[in-house]
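Here subunit A shows up in two complexes: once beside subunit B, once beside subunit C.
This part shows the complex of A and B:
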């Protein structure tokens, strides 16, 4: 239980038009562009357009910008980094009105940080859909030094913040948008858990 | 103060008329102890002796959640009801003891909200009064839009205007403009929540307007005041476990008929909202008249479940799992 078998990883959705929306904001990153295109087709079938936010930052190098530019949209905003996109999304939601629907797609780290952004505006699960794309590499938070490490793929790794050897638990925190990692041999010094590839 | 069979025995400290139809009752513990804590929007059920039976009427608490030295409820006199509110108006005196159930909240404030919008009509203001009291320690903005049938019914609204000023919008029929729910809800920031309490037509209009403006249901909250709409035609049903036949008279709900026959079943709101009394339908020859807000539309069509606190049946034969 300390390490695995914890069902706290969010269950992600499939993007589809949410009923009743007056304004649709679609934000994606990297390979998430594929889900954006699919959703835009479905919205177009309903005679609806969306405001698009796309970040070209990608773990896998996939880029859907050219195809997105071909799509009719209220507006397409492009960003070099996920962080820049999410900063802009925050400002946009601050101005947005009730009746807005938000669609997110990209890596788990991107979705997790975006969740932190929309939760601050009290958007609920009937107003937001999240579709995961790409690998399930993890963002991990070290409980000892508060360092976040992106793209962790191994059960045991060394924290770049405090140099401790950590074990990644399956405990996902929505508040922190990260998995938790703790000192690997805290119980019996020198006794490390088995190294393994995470379920990416 | 003592808790007997799950009820509180309280002394009526004060009774005051606040409109031609509404009396405000202040209830305290006979021994001066503090009462159980509650949150804004809570209600209690008042047990009203009525011959052999007991009428159980739910009333919202309208006092401050930060002051548990007393509870206040507002009782509107309903002339053509079953007599519970008439009895409270006519027979209960200051100093009398009455039994109530401890508070339960089915209409709480949303703690994550960024804006609270209250829409109330008539005696539906009562839960909102305790909700506004709760918001006194909150920095989240709110507006109250309160409609009454005329200036003589406006005293509670005018009290609130004196306390909260321009956040309270009062619509006195014949004096002020009409309440336009759609424009109240239009162009609101993300994280807004609407709370409606009043006549069915007002709640339905709030639901319709909010959905038409693209609001999702997680931001829409309401509490219906059932004015004995649980009444209807008499019918008979059977308790599956004991085989007892229960006759429901026109002014009784199924739940009340079960209680009058000496059986117990779980309940909280007695208004079709909380889901506590949901019961499986084992056999049915006829039709169930679902009037609750709890079961989904699919459940109502399937006729496999019933909410005995409000729903009735028009049937030759009905067996429920109780």
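This part shows the complex of A and C:
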């Protein structure tokens, strides 16, 4: 079974103003605030403003709220958690009209769950951009007990659901918004692969 | 043509599964050459001979036992081995129709299908099923149509829907899948679910195969073969149950490899479905122990050469790095010449 070098991980975009947008929704989290600021500048050059959704939940502790508050915007909504932001985004997209453009930026976990939200609304590829930022922490799914673990940084970790020592594969499911992990020492108990940081 | 069915073989625990000489002789042996590499091995799925390529969907002496093993696996972990996206219902009915028509046509002694408009009558004498139902109305069946019919069919079955110029995994029943997770793969695109396979992207094969499949036409199925190795005649070797079966990979020795190591051949006859435009990808698995293979000396010799020279990336991917050498050593008794050549080379060098 292949662990590394699998090609199912998404390729992310750079946020830039999308043409034809009547309403721009920019949703970001933690260090994604940096990409939000850059995008807002570019929108301003085109004379356009956006609705901003920002979650202060951050793995790396980065917070761009103060800078975002300085920006002219249609509206700025702030959330304590990514979950709360995504709930609100769901409501917004539910009422969105034609011409909505969605911009997402933040950790891979955040982008993955946000993609689940907008996929449910059938948005087209040319209506959404995703920019990854910050550390490459992963949301991981345990194939054995169905537990999701957020913010995994190590190739080998212990599953909080079933206690098995798992190895994270570079295999990603957009539906589950998660990487897959399998028992690391399945063949010979105790024979573990090399521990390493997940930085690729 | 009558088949003598093995009614109570097991694919787990005591592993009483065994092939008769007739069944061994009719498997689709997957090695056309002494060395093996992935290739665009797709050919029209036309009826040839009276072996595994005669029927649209082949059945053999293991039919009854294999259906029972599927039922056990499904019961053990609901939601893990059968999944379907809600919008796949039309494709499910397409599949039910295709399997019923094919079985009834190719095996009239075991299956009968009678139709009056939407009122269908299905008889499966092997599993003692006699059901009336309304085609298109899921409430008239005890399971969703795909699960209903594939509980009565050998092999795994996957439904792919075509969108945006690629294929997406829409549904599947997979109680004998080799080392992947069905729930994880649901909703994935062609490129994504093939992500773990080594080399195929680099050699351009994945793109070519996809282009080929997108042109697949109703009534013109194609087939290909794939293969792997498993320790013991175990069908359920999913990623989920890895901790149960992966330890078996350490017990193979040059002495017991003949009995323990099984060649796992997958016959994959792909069909375009008429109403939904989906593609069905069946994976019909044949298990042969190395001892079974050795009943045909030409096969044993070839298999020895294939395993011995197989690219290490494929060995790792297929999961037999730990026992490749033991299997090769056991097979070498059927390929004395090949051994000598090697020694000659070594002496000369």
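Following the convention adopted for this analysis, the second predicted complex is superposed on the first by the 195 of 200 C-alpha atoms of A that agree within 3 Å, B and C clash if a C-alpha of one lies under 4 Å from a C-alpha of the other, contacts with A are read in each partner's own complex, and residues count from 1 in each chain.
Note that in this section a residue touches a chain if its C-beta (ideal position, glycine included) is under 8 Å from a C-beta of that chain, and two chains touch if they have at least 3 such contacts.
Keep in mind that this is a model prediction, so the values were computed, not measured.
Contact comparison for subunit A: of subunit B and subunit C, C touches the greater number of residues.
With both structures placed on the common chain, the touch criterion links A:171 to subunit C but leaves subunit B unconnected. When both complexes are overlaid on chain A, the residue A:144 reaches subunit C alone and has no touch with subunit B. Legend: residue contacts after superposition of the two complexes on their common chain; A:66 is shown touching neither subunit B nor subunit C.
Once the two complexes are laid over each other on the shared chain, residue contacts for A:11 go to neither subunit B nor subunit C.
No residue of subunit A lies in contact with both subunit B in one complex and subunit C in the other. Interface residues of subunit C, counted against subunit A in their complex, comprise 179, 181, 183-188, 191-193, 195-198, 201, 239-240, 242-243, 246-247, 249-250, 316-317, 319, 322.
Of all residues in subunit B, only 110, 112-114, 185, 187-192, 211, 213-219 touch subunit A in the complex they form. Considering their complex, residues 20-23, 93, 96-101, 119, 121-127 of subunit A touch subunit B. Here subunit A touches subunit C in the complex through residues 1-2, 5-8, 141, 143-144, 164, 169, 171-176, 180, 182-183, 186-189, going by the rule given at the top.
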